[in-house]
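Both of the next two complexes hold chain A, though its partner changes from chain B to chain C.
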Partner chain A sequence: MAILVLLIVMVFLALLLHILPGNPVTLMLGPRADPALIELARQQMDLNSSVPAQVWHFLTGAVRGDLGRDFLTQRPVSELIVGALPNTLILALTSLALAVAAAIPLAVLSAARQGGWLDRILGTMSVGIISIPSYVIGMVLLLLATVWLGWLPAIGTGSVTDPLDYLAHLVLPALSLAMIWAGYLARLLRSALLEVLGQDYIRAARAYGLAEWRIHYQLALRNAIPSVVALIGVALGDLMGSAIFIEVIFTRNGLGTLLYNATTQRDYPTVRGGVVLIAVLFVLANLLADLANRAINPRLREVR
Partner chain B sequence: MSADLAAAPAPRVAGPASHGLNLMRRIVAAPSGVFGLVVAVVLVVVAIFAPVLAPHSYTALDIEHRLEGPSSTYWLGTDNLGRDLLSRLMVGARVALQIAAPAVLLGVVLGLALGLAAGYLGGNVDRVIVVVLDAIQSFPAVVLALAVLALLGSSTWDVVLVLAVAFVPSFGRVTRTSVQAIQALPYVDAERNLGAGPLRIIGRHVLPNVMPPLIVLTAMNLPAAVGIESGLAFLGLGVQPPTPDWGVILSDGFGRIRDSPWPVLWTCAVLALTTLGFTFLGERLRDVLDVRTTEVRS
Partner chain C sequence: MPPVPTAPPGPLLRRRGFLAALAAAGCGLASAPLLAGCGRAADTRSKTLVLRLDVDMGNLDPAFATGRSDYEIMECLYEGLRNYRPGSLDTASTLADEFEVSQDGLEIKFSLKRGIPFHAGYGEVTAADVKYSYERIAGITTPNINSSYQSDWSALAEVRVTGTYSGVIRLKHLFAPLYRTTLPLERGYVVSQRAVLDRGSGFGTAPVGTGPYELVAWEPRNRAVLRRFADYGGARYGYADKVLWDEIHFRPVLDSSSAAIALTAGEIDFGPFAPLDNKRFAGEQGYQTMEHPTFDYSMLGMNVNHANLRDIRVRQAIRSAVDADAILAAAFDGAYRRASAIIPPNMPIGHWDDAPVPKRDVDGARRLLAEAGARDLQIALTSSTDQENPRDVCQIVQANLADAGLRCTIDIQDAGSFWTLGGQAQEQRQLFYCGFSGLPDPYWSMVWFTSDQLNQWNFQSYSDATFDSLQQQALQSPDNGLRQADYVAMQRRWDAAANTVWLAWPQVLFAGRDGVVPSIRVDGRMLAWNFRERA
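And now, the complex of A and B:
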């Protein structure tokens, strides 16, 4: 099923050049480009083959890891992506980890006192924050940190060889992305916890005199987490999308900045490669979440 | 017999008008509903009457007073060319709604059609539609928009179309699920056995039941559309600079963020208020209409 979806995405991206009106080559090179240059671009973008052949070439190429050439730099798209991907993955995974780390105590505390002040604040905030665009949150954090507090070297990627420097540059972008999902994950985990806490074995544990924190963090959490794990795949995909804005705002190298630059230069091969990769990552993340869910929750294994 | 009935006091039938009034009353019963409704109404009024309400022309330059903070002349301050931020943000509300509203409406119509077809016809039609919806949802809306806008010019219509396509899966999925659930109900089955055709089943039973979740989802997707549209404009795609789109104002302000935080600050505030307002309204609508949505935003 996942593979079928990916196949459709790739065929769609290969056909997109023909579905949409307008000529991609004139768009990229301008209306008065040199005919020889136009011919070169057409050849590199494989526009001289028949349409089914183009789709076939793109598909077989993509499977071999060949996504065509970036027209401006003449470097293979796959090479550009491999260079940019680690930064984005680190950003997305760090923010996801931060979001989960914040969500667990928030959820447990608000489930422990249902209707308490923390519970009510969380209820309102979690719905609110996830609806606010990621770039607004990133922008506000940037303003707060650099302009008013004069804090942290906020712009750039930082050097890869100096881990501390790299970390310092990672803090703000990761925090902006993490804030969006922390509240939402906490909210979901809270309702799962409440459901679990109402069950008999929890009452039995209380009757045995187990400490309240052990009941919450050990017994209940273990059974509440699977319902949230499925969502982490979606969260990761969403983070990859939001990362584009965050990377542009904090001028961080990554898949987002690569896509953004290629889009403004109308360099379609690179745009297409980047989009294919994000789709692959998204499908993969969902698949992993599904597998993780089955590993945690044996009941799911038997059902299907 | 008929005379008796006529003599009896007319029963209070809830007509469409009083139904709407009742709905309003229940929305504002919670603070979040009041907030959401106020934001939505203010935004729509400002969008419609922006040219009349704006204190200055949104293009008038005042180079001597550029990048200033709030003052009595310029209530929210000025941008990098000395243009009044308040006026620009007000006209920006109009731009935002002009793109987001048609995009979401188009998404509803397409999603409803696909969802009905998939849920009602079932079989292979259903399978094909579900795979297509999955494929659209397999990348974030922003990324889809990037891919398409890289190939298109940057007209307003292009943005509307891209957003509509990005929103089709959420509407389509909800419609499909409700159609399947409703069709399985015994009374619908009974009516079909009485000889009711598909048009009657869809018109009388399916559509009225699909509407509440679609209304809620519309309120939830509207802020998402505004957010993506402004985000694209911020990246330089979609709406282009002379038009005071919120994304354009944000991008202008971002370039001069060290000289004056005001343009970025106000635009962020407006964007946050708008998205929060519509989302709370959607949440409230969901409670009032008693809809269970399991949809996660795409």
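And now, the complex of A and C:
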């Protein structure tokens, strides 16, 4: 199934360039390029081959680790992606970790005080945050933390050789992405917790005098969390996609800005390599989420 | 003794084990950045200038550079035989010790300053490097590198090397823009032949020049770091002071608002900004703003081949109905000068001093439309996302045309689609808002409107044999007076065709901290190497 998804993505990409209006080569080469140069560039990018041939050439190259050359910089696409991907992965995973870390106490608080004023406030906040786009949250955080308070840097990725600097550059972008999923996961987890908290064994635990925090975090949460683990794969894919806006706003080096620049410049080899990689990561993330779900939910395992 | 029952074999991965592994992985990931830098000391801070670019660096090879951002970095890395003095339309000798143009203009004898080294230990500049640098762009080396900028050197026959430091540039025919655009700007930079051959296609991101700075690091979409070239030969010191900065960092910040925040936060020292963002810093203590003219122009063009716009009275009506002053005020915040023709007044030659500046005349527009039988005509207005405030401009035009009785639909297209439509799509283009960039010679402003640019960049579909012939005449004329007359005549003919509403001659708006004294090239590019610090 994963391989089929990837093949469909590659065929779609090959078709897309023919469907999109405009000549990608003309845009890349600029107004002074003559027809001979344009034709040469089309040959270099394999644009004169049929769609199946383009997909086959790309596949055979990708297997060898050759994703083509970025047309503007003439650097291997794989090199550009390797330089950009870690920053985007770190951003997406950090955002996910922050979202989960925020969602759990929010969900437990809401579920423990179901119907109360705290539950209503947290519910309204969660829904409110879900409806705000991540780039709007990003701009607000930028103004707050950088301009008004001066706590954190505004732009850039920071340097990995200076870990505190790197972390400082990561905080605002990660928060911008995390808040929406924190609200979403909190609502889902709250619903799952309410279902679990209604079970007989929870009533029995209370009757035995177990502390409420142990009931919520050790008993109920453990049984409610499988329902959100399945979403982790979706969340990761969404976060990688949303990272584009955040990387542009915060001027972070990442897959998002790489693809954004390549798309506006019609740098087809880089667009193709980047999109295929995102598809691979999305498929892997969902696969991992499925495996994780099976691991923590015994009911999904095969009966031997 | 009965066998001891053993537990049945279970799955390899149990839930507890999986959750524990997940928690450990999460901690490991979170601590990776912390661990990565353990034990490395921070660098001592050097005198560093941080400048904003609005697009990331693409390719720093003069034969393949992609645009403004590349040019601003290249100014620090390369030098040519002659370059523009900072802030002036005059050129001065840089690498050339002697530079003599023959009587017929077809030969340029040059000799180089001795002992000017290239970066990265690639030896000193020789005439062979000059030959290689120019001939490769012209497309007369083997193999042909197929540079996009062959037209800059289209007149080159050869560069003959007459000695280690001397040579003759021979031209096939006169090419007037050579002295204002080709030689003093990017296509006149001298590269190390050995470095280009060594580095191949990687030269674009690992360039070697003779400039006062060398590229030491490029972190894509983050920054380009230039460090002072310790062995700099001083070719520019005949007309400029010694460079001040130890390092220059170019930070690409795509979003102007994010860049404004970065300037406020002290992460950028200086850079270009959009008008509204620039306005924030005007008059603010600790900041400075400035504007610098360019050779660019923005316009509302009309495709004369489209059925809706074939009648000149319709085009004249549109020209009468559009309120260009309102567009300048509303869409560009009054930051730009109103244009009256193609060539701006700061161009060395070619400006049409008494070009008409039409005043808005809605009644006149209605009259013209009635004569043409074109009341209630529907016009499609297109623009591109990479233009300045396309939505505002188009909405004002739409409202203006509605006053005259024309219905107008707006279509803001992706830049790639807008600029590269050809064939049938190009024929369907009607009214459009866009701008073109210019160089310090009017040839480059006019070249897009000749007949051989039909279906390419001549969006107005303007075809006039006299216009073409004047362009060719001016191209090969050595006399600036005659060229001036030719370009004015071309603009008159263009104006008579009524296929354009001139909007603005855009300026580059800069903002930065007060302590920096900027240096800007004649075409609005930052000369980072020449920035100073205010005492």
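Here is the rule we go by: the second predicted complex is superposed on the first by the 285 of 304 C-alpha atoms of A that agree within 3 Å, B and C clash if a C-alpha of one lies under 4 Å from a C-alpha of the other, contacts with A are read in each partner's own complex, and residues count from 1 in each chain.
In this section, contacts are C-beta pairs under 8 Å (C-beta built on N, C-alpha and C of every residue); 3 or more make two chains touch, one makes a residue touch a chain.
Remember, it's a predicted structure, so these values are computed and weren't measured experimentally.
Superimposing the complexes on chain A yields a three-chain arrangement in which chain B and chain C clash.
Contacts of A:227 after superposition on the shared chain: neither chain B nor chain C is touched. In the superposition on chain A, contact is made by A:69 with chain C only, not with chain B.
Using the contact criterion defined above for the overlaid structures, shared-chain residue A:271 touches chain B, although it does not reach chain C.
Of the two partner chains, chain B and chain C are each touched by A:139.
Touch criterion not met for A:191: it reaches neither chain B nor chain C. Of the two partner chains placed by the overlay, only chain B lies in contact with A:4; chain C stays clear of it.
Within the superposed three-chain model, A:250 lies in touch with chain C and out of touch with chain B [touch as defined at top].
With chain A as the common frame, the single stretch of chain B that clashes into chain C is 255-263; none of the other options in 93-101, 129-137, 201-209 or 255-263 do.
Taken together, the two complexes place residues 20-22, 24, 27, 139, 142-143, 147, 248-249, 260, 263-264, 266 of chain A in contact with chain B and also with chain C. Taken in their complex, chain C has these residues touching chain A: 11, 13-15, 18-19, 22, 26, 29-30, 32-38, 40, 42, 55-56, 58-59, 64, 66, 146, 148-152, 201-202, 204-205, 219-223, 251-255, 257-259, 261-262, 264-265, 267-268, 386, 413-422, 425, 448, 456-457. Contacts from chain A toward chain C in the complex involve residues 20-24, 26-27, 29-34, 36-37, 40, 69, 72-75, 80, 83-84, 90, 93-94, 97, 139, 142-143, 146-147, 150, 153-157, 159-164, 166-167, 170, 247-254, 257-258, 260-261, 263-266, 292, 295-298, 301. Within the complex formed with chain A, the residues of chain B that make contact are 32, 131-132, 134-135, 138-144, 146-153, 220, 223-224, 227-228, 230-231, 234-237, 250, 254, 257-258, 261, 264-265, 268, 271-272, 275-276, 278-280, 283, 296-298.
Every residue of chain A that touches chain B in the complex is listed here, in rising order: 1, 4-6, 8-9, 12-13, 16-17, 20-22, 24, 27, 124, 127-128, 130-133, 135-136, 139-140, 142-143, 147-148, 231, 234, 237-238, 240-242, 244-245, 248-249, 259-260, 262-264, 266-268, 271-272, 274-275, 278-279, 282-283.
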